[in-house]
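Structure, as structure tokens:
In this document, chain identifiers A, B and C correspond to the written order of the chains, with residue numbering beginning at 1 in each.
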Amino acid sequence: MSDVDFTAVGLVQPWVEPPEIELVLEAVLFAASEPVPMKDLLAACAFGEEDAAGRPEVEAALARLSAHYRDRSIELVRSAGGYRFRVRQQFSTQVQAAQPERPQRLSRALLETLAIIAYRQPVTRAEIEDIRGVAVSTQIMRTLTERGWVHVVGHKEVPGRPGLYATTRVFLDDLGLGRLDELPPLDALRELVDLPGEDVGGLPRREGGDEDRDAGDEPSSRD
Amino acid sequence: MSDVDFTAVGLVQPWVEPPEIELVLEAVLFAASEPVPMKDLLAACAFGEEDAAGRPEVEAALARLSAHYRDRSIELVRSAGGYRFRVRQQFSTQVQAAQPERPQRLSRALLETLAIIAYRQPVTRAEIEDIRGVAVSTQIMRTLTERGWVHVVGHKEVPGRPGLYATTRVFLDDLGLGRLDELPPLDALRELVDLPGEDVGGLPRREGGDEDRDAGDEPSSRD
Amino acid sequence: MTEAEVLEEEPATDEVEWSCRVHGSPLGELPADLYIPPDALEVFLESFEGPLDLLLYLIRRQNLDILSIPIAEITRQYMAYIDVMQALRLELAGEYLVMAALLAEIKSRMLLPRPPAATDEEDDPRLALIRQLQEYERFKAAAERLDAMPRLERDVFHAHAARDALLAPPAPAPALEELLDALVGVLRRASLRAHHQISAEALSVRERMARILETLEHEVFVDFVNLLTVEEGRPGVVVAFLAVLELSKAGLLEWGQGEAFGPIQVRRRAPAPIEE
């Protein structure tokens, strides 16, 4: 093995062993690539899921662990999926500097689609297209699915049984959210007041006329 | 944000701020998913790659960082690709308990290597490579040895004295074989290879009496 | 937008009559209130997420409230954009044309007198469009806020450590068929490289070679005959004998005879000093 163990380099200090449970949780949290749910943390500490003693003990150890990292560059946080360590945001710039590849920007089309799914879920693709006023490309739906942000949670009982999309736990985790309602609220729909009449091309607007309105359906009227 | 900031929970201790460079390196190493080469570490610390002062300073900070984690569940290691944190091996059981990993599949390359050792033992790595037509990775040989399926039974008296590999009792047991010659004879396999119409190049076929085969136990004779 | 710039409002002369001949006539034939640099058109198309987005842009540009859009004016401007794009033969998503038709319809309906009883909101043809615009605008804003939120792997980084030091559960032993399948693959490849040959040697001899090597040490001579196990019967003895010969041929064994006519002894050849 070519790995150099740096502990050999360190100064010899009096050994103060941290409590085992804290180290176990630390190991599990660092080893995971996603937030770790409480039940997995309990399992690591050999607590059954229904073990009444386990939860408070694990939570106390998590608090100690978090305190241990108070002065460091990372912090212990909880989001929808569970607990995880993350780099404190004040170090983001340096982390980005060390990463040669910049993450891709998300297109507006993708973000709008994602927003509609997030706020309107469960929603069909046709409903998304209704709101956006344009077709939603298959590419966008695939990208969202592959990133694990949306998934099909059912099918609408209409002809064709289109899939109903919803956001996932990964979506919440990636935004550091615990629950969906922690998303910033959607702008309120304003009440429509009386629309002012307007001059639509030189002709005075006629009030109270009773002519045949069907004539207005002419689609080609350009003037 | 729903993130719980655990630092609030921690005890208030006198603040001893670790040097900034150490924290930056810590952040970068924790954020990376692969070993971080020195040049990326230098970039994170805003050192140019040719900056003479950068390297020793970064190395000193890495040593301090490593010492800091001496009693923790992770260790700072250096390998060919660079530096990274990894979870210490003694926490294997607990990490597995929390998030079991699926058993790895045996790679094609590994199976081929194992098959060649089984049929051609004792055989050197160079000979295996000759037959496979590609290099055999050290990782594969290590895995085969660690699994207890092959071992070095001697050294070939040629320059460099390469190890001669052979299969073990464990290999036979794991395959459910009593003896090595219960493996199907190579000739039978060659029949499979020599499919009609296929160009089989220079593979010599042995006709008639296989003296040394006859000398041995008939492979099929399972007592 | 880089930008489809519109010069200040000037009563449109007549938007129906102008035409745009890009390769021939100058762009001066465009209506005075509409100037789009030709190279900006591609950008233009990519800049809008659809007709609703374009309409919102037109409305916002004039600091108008969605709730009270002057349909005639907006329609006029919208049509102007569409006409330019069509004149330039830019491929236009069908939705843009559908919207154009809708706007035209609304406008024409507004020209008509409304029945006295139908003066309430429900009857205003602009309402459905306004609702749609408002709805779209909410999600457009939500999308921007979503994008501004700290996001994993862009602004926020998960802290993790490699787990390769951890013992992964071992792979199950290969099935015999898997092993044979792998070997067949090798043989097939080897046969294509004609100069490589695998001769089929008796496994038993090879195995015995390995076993003998294991038992021998280089410090200790053992009697050659001890390597032959009589209990295995003739074939066994022959196999062992062949194995010893093979090993000898490979230079792995050293022979000795303590005394004349004494037992023939064999040991593993001492490791040679490493040299080239």
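Just so we're on the same page, contacts are C-beta pairs under 8 Å (C-beta built on N, C-alpha and C of every residue); 3 or more make two chains touch, one makes a residue touch a chain.
Predicted, not measured: the structure shown is a model, and the values here were computed from it.
Undergrad: Using the contact definition stated above, find the chains touching both subunit A and subunit B.
TA: The common neighbours are C.
Undergrad: Taking each chain's centre as the mean of its C-alpha atoms, which one ends up farthest from the centre of subunit B?
TA: In terms of C-alpha centroids, the chain at the greatest distance from subunit B is A.
Undergrad: Which chain is the middle one, judged by CA centres?
TA: Of the chains present, the most centrally placed is C.
Undergrad: As a quick test, compute the distance in whole Å between the mean CA positions of subunit A and subunit B.
TA: The mean C-alpha positions of subunit A and subunit B differ by 36 Å.
Undergrad: Let me have the rounded angstrom distance from the C-alpha centre of subunit A over to the C-alpha centre of subunit C, please.
TA: 20
Undergrad: When the centre of a chain is set as the mean of its C-alpha atoms, what distance in Å lies between subunit B and subunit C?
TA: Taking the average C-alpha coordinate of subunit B and of subunit C, the gap between them is 27 Å.
Undergrad: Can you tell me which residues of subunit C touch two or more of the remaining chains?
TA: Residue numbers touching two or more other chains: 157-161, 163, 166.
Undergrad: Which residue numbers or ranges of subunit B touch two or more of the other chains?
TA: Counting only residues that touch two or more other chains, subunit B contributes 27, 30-31, 74-75, 85, 87-88, 91, 95.
Undergrad: Report the residues of subunit C in contact with subunit B in the complex, numbered from low to high.
TA: Going through subunit C, the ones touching subunit B are 157-176, 178-207, 209-210, 213-214, 235-236, 238-239, 242, 250-252, 268-269, 271-272, 274-276.
Undergrad: Would you tell me which residues of subunit A are touching subunit B in their complex?
TA: Touch list, subunit A to subunit B: 2-7, 9-11, 13, 15-18, 23-24, 26-28, 30-32, 36, 40-41, 43-46, 62-79, 85, 87-88, 91, 94-95, 97-100, 176-179, 182.
Undergrad: Which residues of subunit B touch subunit C once you look at their complex with the stated criterion?
TA: Its residues touching subunit C are 27, 30-31, 33, 74-75, 84-89, 91-92, 95-96, 100-106, 108, 111-112, 114-116, 118-122, 130-133, 147, 149, 153-157, 159-161, 164, 166-167, 174-177, 179-181, 183-187, 189-190, 192-193, 199-204, 206, 210, 212-213, 215-217, 219.
Undergrad: Can you name the residues of subunit C that touch subunit A in the complex?
TA: Per the stated touch rule, the residues are 16, 49-53, 67-68, 70-72, 79, 93, 95, 99, 101, 104-105, 107-116, 121, 124, 126-127, 130-132, 134-147, 149-161, 163, 166.
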